[in-house]
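Presented sequentially are two complexes of subunit A, the first with subunit B as partner and the second with subunit C.
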Partner chain A sequence: MNKKGSDKIVSVYWFAILFIIAAAVVYMVLIFYGKPYDVREIESSLLAKLVADCVSNAGKINENVLDGSGIILTNENFMETCHLNFGVEDSFDWSLNSEYFVNVEFSMFEGEFLKNVTAGNSNLLDFCKEEFKSANNPSCLEDSFYSLDSEGNAYKIKITSLVRKTEKNVG
Partner chain B sequence: MDKKVKSKIFHYNLFPKNCRGTNILKENIIFIVLNLVFLSILMVFIFSKMQNAANLEEMYAKQIALMIDAAREDTTIQLDMQDGFDVAGEEYSGELVFIRDNIITVKLREKGGYSYSFFNDIKVRPEIQRLNGGYNFYIYRE
Partner chain C sequence: MLDKQVLKRSSIHSCFFPKNTNAQVSDAVTWMVATIVIIVLLGFSIYLTSYFEILNKFDFSDAGLVKGNLAEKSLYGYLLKDLNGKNVYSTLGEDKNFTGEVALLAVKIFPDDELFWTGFFGKPNNYFGSQKDNLYPPITTSFYNLRVKQYHVCLTKSISLGEEFKQFNTLENVLRSDALFRLEVCEVND
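Moving on to the complex of A and B:
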């Protein structure tokens, strides 16, 4: 064996390894930067927060939601009362169906159901079921809190918010 | 197959003359230079992907949309967009951020742009701050 000679030889194996490493790095970078940023989870939590702030402030139910006659928030005035705008960009046929859905469920502290108020695309609600929860499906967030009316009665308010926008967040 | 013949297939002797010291030095220098060239190309590729105008457009559009969704009225939000200014400076000199209704468009190239919507029904007036390399967003309700 020519040991002295082999020390001076630049092996093609080394370049083969370099090529494999380069291909792996390029592949990983393309995979990472090729995918869109998925912000739907943050969006759905912000949507829930916006609605929660609209319904209740500092532990008290707002007057534009509940007055002496009961819950005055309806499907018709929900968007206006809570300052929501579910308009989306005109791409991927998004203008046909809303990419958002929000549901507010009012019930008494003891459990008696009072009212449901919704806005947006109700077809999305199925994606809150456990079997449909995945990174490729619309993001669903369910949260609930307790709030008081002016007479001190306690209410349970459950908010469900969904954001689809799959094409721009999953790719 | 003869071992010598086989090794000739996979190895190429760059320095046929056996002038020991100088050859070892040359060989090592070439080896290090080739490795540095390889690493440089790899780094240039990664940084070009990181500073890609399309990526930055998407990132800024979504970032601004989320900021507005989280904002309350009568607020001013300052956003550092220096990277966007740097990328746009080379080929595009128009407005970088447009807001129409509730849709944000960030445009860093002549042919390009990325739009994203926000659901907070609020008015937003973007104002470029070229000296600070950013944008101010004035959020108010009519």
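Moving on to the complex of A and C:
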């Protein structure tokens, strides 16, 4: 038997095994940690909670939202009044269109509709329709609560919040 | 000295790689079996990793409530609402009874009986039935408690009604009292 030849074959074999093991380890790490966590549902819930806190506190609608003249919250002052910032990192062209949308609908409790106030990318609103709801689409959350004004009149306030960010949350 | 070393190395080498062809075949089989064992072990490791990946994948919908998250705000509004010149909080505190107009307003505010339960702590009522969360809450005058129980995620909010509650310092006394009004919001996670 040729000693030099067998040594070379054994070396090549060990390199091949080393490569296979390394590739398998990398593959296992990718399987385990490769898929992103989808936090959009929680994010939209937090956004809704933030807006609800801005609109109402301790059962009463805040004065910077509703005064004697009616609802003073508008599309123009919504972001500033509620201290919202829809800025995102500059990747996947996210800076071109907002990745967030929020809508606050005011109506009398068991009564007429009063006003809608919105902020963010309104194109996302379609994803709240039942036929578009899926893990691959933007996350939509609709929730409502009961609140009173200073005179004790009851209101129903419905908040719709949407978060897109599909590229970083869907594996 | 050098010759001895060469001779020794050659004898070791001939021990592992003898010139007999049958032994060479045997070596090749050994290497092949070793390779197959390594590949099988790696395959098993990959299978285990993909199995545990499912366990590692944390479902954020189990982390807390999503729907009904704003119910706590509704509860405060409900307790402040004036009914016949007295707010719901005072009415409940004095009457110690969850019934009539007070209960009907609660049903309107919390219409989904799959999601909500309100009433006096520990007492089933005609409007919402029995409590969804049977575990006892911690004893504080007002608390915010999130608890994951089986497939339910429950948010509970309890409000003490009046001064009476302050003298209760044990769980039994709290359970005997009529002074704890409670809201439960429970989501069922699949």
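Quick note on the criterion: the second predicted complex is superposed on the first by the 138 of 171 C-alpha atoms of A that agree within 3 Å, B and C clash if a C-alpha of one lies under 4 Å from a C-alpha of the other, contacts with A are read in each partner's own complex, and residues count from 1 in each chain.
The criterion applied here is as follows: a contact is a pair of C-beta atoms (placed from the backbone, for glycine too) under 8 Å apart; a residue touches a chain by one contact, two chains touch by 3 or more.
Since this is a predicted model, take the numbers as computed values, not measurements.
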Subunit B versus subunit C as contact partner of A:Val117, first or second or both or neither: neither
Partner chain(s) touched by A:Lys60 [first = subunit B, second = subunit C, both, neither]: second
Subunit B versus subunit C as contact partner of A:Tyr13, first or second or both or neither: both
First (subunit B), second (subunit C), both or neither touched by A:Ile42: both
Subunit B versus subunit C as contact partner of A:Val26, first or second or both or neither: first
Contacts of A:Cys140 with subunit B and subunit C, given as first, second, both or neither: neither
Touching partner for A:Cys128 - first (subunit B), second (subunit C), both, neither: neither
Overlap of the subunit B and subunit C footprints on subunit A, listed as residue numbers: 6, 13, 37, 39, 42, 49
Residue ranges of subunit C in contact with subunit A within the complex: 13, 17-19, 24, 31, 35, 38-39, 42, 45-46, 49-50, 52-53, 56-58, 60-61, 63-71, 73-82, 108-109
Subunit C-touching residues of subunit A, taken from the complex the two chains share: 1, 3, 6, 13, 17, 20-21, 24, 27-28, 31-32, 35, 37-39, 41-42, 45, 48-49, 52, 56, 58-60, 109-110, 141, 143-148, 152, 154, 159
Subunit B - residues contacting subunit A, complex: 10-15, 23-24, 27, 30-31, 35, 38, 41-42, 45-46, 49-50, 52, 55, 58-59, 62, 65-66, 69-70, 101-103, 115-122, 141
Residue ranges of subunit A touching subunit B (in the complex, touch as defined): 5-13, 18, 22, 25-26, 29-30, 33, 36-37, 39, 42-43, 46-47, 49-50, 79, 83-89, 91, 99-100, 168
